[in-house]
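When the chains are written out, they are named A, B, C and D in that same order, and each has its own residue count from 1.
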Amino acid sequence: MSPMILNTIEVILNGLMAGVMYALVALGFVLIFKASGIFNYAQGVMALFAALTLVGFQTGQVPFSHLINVVFGTNYHHWSSGINSFLAILLTMLVMVGLAWLVERVVLRHLVNQEQIILFMATIGLAFFMEGLGDLMWGANIKVLDVGLPSGGSFWWEDVTREWASEGSEYYGMYIDVLDVWAAGIAIVLVIALTIFSQYTKTGRALRAVADDHQAALTVGISLRTIWVVVWSIAGFVALVAGIMWGSKSGIQFSLSLIALKALPVLILGGFTSIPGAIIGGLIIGVGEKLFEFGIGPLIGGATENWFAYVLALIFLMFRPQGLFGDKIIERV
Amino acid sequence: MNTAQNTGDALLSLKNISLSFGGVKALTDISFDILKGEIRAIIGPNGAGKSSMLNVINGFYHPQQGEVWFNGSLRGPLKPHEIARQGIARTFQNIALFKGMSTLDNLMTGRITKMNTNIFWQAIWKGKAEKEELEHREKVEHIIDFLEIQAIRKTPVGRLPYGLQKRVELGRALAAESKLLLLDEPMAGMNVEEKEDMCRFVLDVHEEFGTTIALIEHDMGVVMDIADRVVVLDYGKKIGDGYPDDVRADQNVIDAYLGVSHD
Amino acid sequence: MKLKTLSAAAIAATMALGSGAVSADLTFPSLSYRTGPYAPNGIPFADGYADYFTLLNERDGGIGGAKINFIECETGYNTEKGVECYESTKGEGSLVYQPLSTGITYQLIPKATADGIPVHSMGYGRTSAANGKIFSHIFNYPGTYWDAASIIVKHILDQEGGDASDKTIALVYHNSAYGKEPIRTLEELSKKHGFKLTLLAVDHPGQEQKSQWLQIRRERPDYVLMWGWGVMNQVAIQEAANIRYPMDKFIGVWWSSSENDVIPAGDGANGYKAINFHGVGDGFAIYDDIKKYVVDAGKAAGDGTNLGTVLYNRGMYAAMLAAEAARTAQEIHGVADITPAQMRDGMEALKIDQARMAELGLANFGPDINVSCESHGGPGQAAIQQWDASAKKWTLITDFTGADRDVVDALIAEDSAAFAAENNITARSCS
Amino acid sequence: MFYRESGDFKSSYAADQQTFPIKFDRIAIYAFVAFLFLVVPFFINDYWEKSIILPVLVWSLAALGLNILTGYCGQVSLGTGGFMAVGAYASYKLTTSFPEMNMFLVIIMSGGITALVGIVFGLPSLRIKGFYLAVATLAAQFFLVWLFNKVPWFYNYSASGMITVPERTVFGVAVTGSNAPPWATYLFCLIFVVVFALIARNLTRGRLGRSWMAIRDMDIAAEIIGVAPLSAKLSAFAISSFYIGLSGALFFSIYLGAAEPTEAFGIDKSFLVLFMIIIGGLGSIFGSFIGAAFMFLLPVLFKNIMVGGFGWPTDMVQHLIFMLVGGLIMFFLIVEPHGLAQLWRVTKEKLRLWPFPH
């Protein structure tokens, strides 16, 4: 194969990998939207918050140390030199479940049956709140996250693909980041786990019932409140996973919350209500924007990815206004 | 079958209308007409295609086959709002009011096809826009008086009870001063008194404004009382057409509809 | 209705709190950003800036006998908040502003000039403000982005034995006013030295840079320069490590030169270089005093863990330069309680040699400072630092050297002339 | 007690449909506008101008614009930042290309150019609805900002891509640049805000406004009763963009004086304006103002209390402000989901009846 073709394959491959990372974020949005019709603006901040909490536990930080020190004139920073990653993840999950419970209890409960835009706005308030809370709890400085995931380009893949190049051509082999491969694996496990959960557990079936028809689910005795806590907990878990994967690259910092912006085009492309949609939407966006950046980008000055993802989604929408896998919109009078 | 094929007097005539949705036939080869000044009822069991029929008349659905003649000329593939402009107004089976707006504004919106000051005058307001607004306000106030809804003039319609909403919706359709008024189950879900009120309004409208009316209604008593002529649909096909008494006596209709309607 | 008026008055009163009365002290405002996407960089700088002034107050009782009134105002790196901070603090007799963001600096260039308050955009902001004839109140010593670009290229020339004509240099830049700054200089230098220049823009915030680094991996430029900021830095260094780009050929500007940028990439960042205009580490005499008078006395702005980091040093350096300028102003005008106008004179006459640096406890911390009426850019000198991942330490690997003045000065003259023409400014005479 | 409408009878429809039907409101608002025009200019200083009043005026105009589109016509847009950028760059190009052009005309024309761009990006709304449309408008946001960043013509080929407004005068008084006195910039913006708030009121109470609201409340029924969706939606996009363009032009040329697309007109601005109208009240002109004031002034107020008053560390205060603002948004939504304007209306209704609530 000529390097030209190999390069294109490489771009597509890396686009797919980037797409998986986008899909990881989009998944959290879809879960909540499907179960409660809420477009959860705070999903990105949840990822940041979860990751911050994880690192906080890992390194044994004292939460709110800054506040405590200012108020009481003390000087606490750490309560231990750190704990096991696995344990820290469990603890973080507990915090996220607690958060889900609080969100339902304090906010959502009072907004049942409100219009979508009101609920959306409430999640914006939540995002603001958690941004402040996360920083106040753990500090705004950058944190290094290490849960033992490998990273860096794969040598093996480089060697394998170098063989594919036609004789005599100077080809370095194909690049793929091991961390991305892990992310893809984790995403697959996550989706399988979610599917099993929703197919084979009682709560999962209740979840699907609510997603299908709120009223009907209520009449057969499913508690909407419990469902909301469960689904926000799951979304919290997904946010944690997304936070770990993205945070491993860049360190845990405020900007992590901005990954939500990468998920939005994926959402409109895949449809707000479809888990496979989120995955396939992510892959399409990932590949599309990478190919465009490589093919057309240099001609028009580059840095096209941010807007091209949206334009791509927009083009799809013109043909399917409800997204690729969204529920069909039926207009009637 | 005593269909009067006298298109000279017909305000609207439908010729061989067929409509289907992805293979499912909703209407099959239906022809009938509505004469100027009459009250025409469309009846039939649930799923007979009555609402689809109205949707064809006001252009929300475009039939695959057939012709619609309105006011003496063949109608092209127009958009619903263009058809509204030609003089067809309607109410909806499930109330389709503008919930965020007041009764007054809903009625004023009904007159939208008659208003035409341009955006610059509207921005300035004083002058043309205000004058036009006041002219139409007079007309709308007349309808408000007529429907006896003065007290709820400024109330957002979302807060009104069902019966009043139905009345406001009728008002909105009346405000359009249309040539043809389509009423989709105007009395559905009402109690006897509300139905009587609504009947009175429909008849008064007919008398006072001379509006041609086509209505869908389930309550046979009402239909027989107020309709001049009746067309009967079943499974998307026309199975009867004529004066109320004739239709009532038609065996096809009895079999298909009257016999099983009160299940 | 009375209640409404009352509460309105209360709101008005609290709003006005921001613009307080003029005090008799030397007021140094700090427009810091300890929150928002760039907080990790803003915190150490703000700590260093604050701690140095605290040190002067605690140890020397201020500057030349006048106490320092230090006010911090949070901008979150946001221009509107920065404007609010400027307006609310300028009434207190603020002597000099360190705006700390490109957006706020551009805001303040005309505004502060009109208000007669000097601005010190140290190594950022508008490069052509180095032309003191046009920009009377704006200072950007000790060096500008164009100096940085030129010095980095000089370093590359040194590495390549003086000839880079067959080399390719890629610039990975933040797609913003800041990131675009070096392009013109690099283009000039590429003409002069014959190297090929590739430009790769990264859109804000820059968490996804696969495309850019795949391209770098494919084209294998001999050197990669980076004008990055915030999360872009960490991701770029991580990606460079991932594609196993030789890190000692990857050189960042001084805003891509902090510990924050390299630590997340771990060992992969080993050997990464960056340009810097001041010393690194805490091996300076002044740190003994800071520990003694500030940290141990419980008066530190942060938790004390930042001491000796690159950005803490930079904040401290900025404060030192401001304090020295104030001292110079006091000497020129013979008063302890100087005004912003006198502060400006002090900044324009600022001279710091190595002897003075040693006195300050900062021996060899930076180049000699020499500001003049014509040149507000100071010496335009900087050094290259390199990251040692195992020791988690930066070390300066070159001396402080100057830029290619022929190239840079011409560009400054051209750009400042354009600004002057657009804004009807006539150049001051500096004789 | 003082606030009542009894005895305030309307004898004509014209009197009945005026903007402030209650006499007390009318007098209060006239007095307030007179205060803004005749008193404030004599007392305004730099701090109040640049930190409080100009931003509130500019954001109010943007909120008004978005409210026309989202609040009145029901089309959620997240492209506000991008459209503001169009206004800003249009005003920059106009002032630098035609130095003699009157500033009023420059700002109006910037709005006009933005309206044209708005129509183009409004086209997808004919097919796409709800959140899908909202996210689709982000395409406008990112593309426009990218464009202004990338094409040197827009920033007159300056080295960094920053744009800086040159000094321009109106009636011999500078309104842009650093020498503009606070009262001049204030009055300049105030005139725009008052005039265009009035125009917004006029547009929304007549035929156009009703056609927008009909589309918002039930688009299919609206079409069937005679509202043309194409012209209703596109006119909403055009007029909304016009307002946002005005606000962008004022934001850049009067308020800030210098700007850079990525930072000044980023996505966070789009969200900010959306927050303003939801908090203030969708479909309410008054709500646009109150929302803009709330979202902009609340953080400043908290900051001044906590940093200026209590002397707490700035970063901690900022975190607390985030939590407080977020908490308040949720609180207000729970108390009154339809925004502060609705809360105000309800309070007024109660006030009318006071002290006899039944």
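FYI, a contact is a pair of C-beta atoms (placed from the backbone, for glycine too) under 8 Å apart; a residue touches a chain by one contact, two chains touch by 3 or more.
Just so you know, these numbers come straight off a predicted model, no measurement behind them.
Asker: With contacts counted as defined, which of the two, C-D or A-C, has more C-beta pairs across the interface?
Answerer: Ranking C-D and A-C by C-beta contacts puts C-D first.
Asker: Which chain wins if you rank chains by how close their C-alpha centre is to the centre of all protein C-alpha atoms?
Answerer: The most central chain, going by mean C-alpha position, is D.
Asker: Any idea how many Å lie between the Cα centroids of subunit A and subunit C?
Answerer: Going by mean C-alpha positions, subunit A sits 35 Å from subunit C.
Asker: In angstrom, rounded to a whole number, how far apart do the mean CA points of subunit A and subunit B lie?
Answerer: A distance of 50 Å separates the two centres.
Asker: Nearest whole angstrom, what separates the Cα centre of subunit B from the Cα centre of subunit C?
Answerer: The answer is 73 Å.
Asker: Which positions in subunit A are in touch with at least two other chains?
Answerer: Where subunit A meets two or more other chains at a single residue, that happens at 66, 135, 140, 301, 303, 306, 333.
Asker: Can you list every residue of subunit B that touches 2 or more other chains, as numbers and ranges?
Answerer: In subunit B, the residues touching two or more other chains are 60, 92, 96.
Asker: Could you tell me which residues belong to subunit D and also touch two or more other chains?
Answerer: Only 146, 149, 220-221, 224, 313, 315, 318-319, 322 qualify.
Asker: Okay, in this complex, where on subunit C does subunit D touch?
Answerer: Residues in contact with subunit D: 1, 11, 14-20, 32, 34-35, 39, 43, 72-74, 76, 79-80, 83-84, 86-88, 90-91, 102-103, 106-107, 109-111, 113-115, 126-128, 175-178, 180-181, 183-184, 203-204, 411, 415, 418-419, 422-424.
Asker: Would you mind writing out the residues of subunit B in touch with subunit D in their complex?
Answerer: Interface residues on the subunit B side: 58, 60, 79-82, 84-85, 89-90, 92, 96-101, 105, 108-110, 112-113, 115-117, 119, 122-125, 129-130, 132-134, 137-138, 141, 172-173, 176.
Asker: So in the complex, which bits of subunit A are touching subunit D?
Answerer: 39, 66-67, 70, 106-107, 110-111, 114-118, 120-122, 124-133, 135-136, 140, 261, 264-265, 267-268, 272, 300-301, 303-304, 306-307, 310-311, 313-314, 317-318, 321-323, 329, 331-333
Asker: Touching residues of subunit C toward subunit A in the complex: what are they?
Answerer: 34-37, 39-40, 43, 175, 199-203, 205, 207-208, 210-211, 214-215, 217-218, 220, 230-231, 234-235, 238-239, 241-244, 260, 263-264, 266, 268, 298, 303
Asker: Once bound in the complex, which stretches of subunit D touch subunit A?
Answerer: Where subunit D meets subunit A, its residues are 76, 124, 127-132, 135-136, 138-139, 141-143, 145-146, 149-150, 220-221, 224, 267, 271, 275, 278-279, 282, 312-313, 315-316, 318-330, 333-334, 337.
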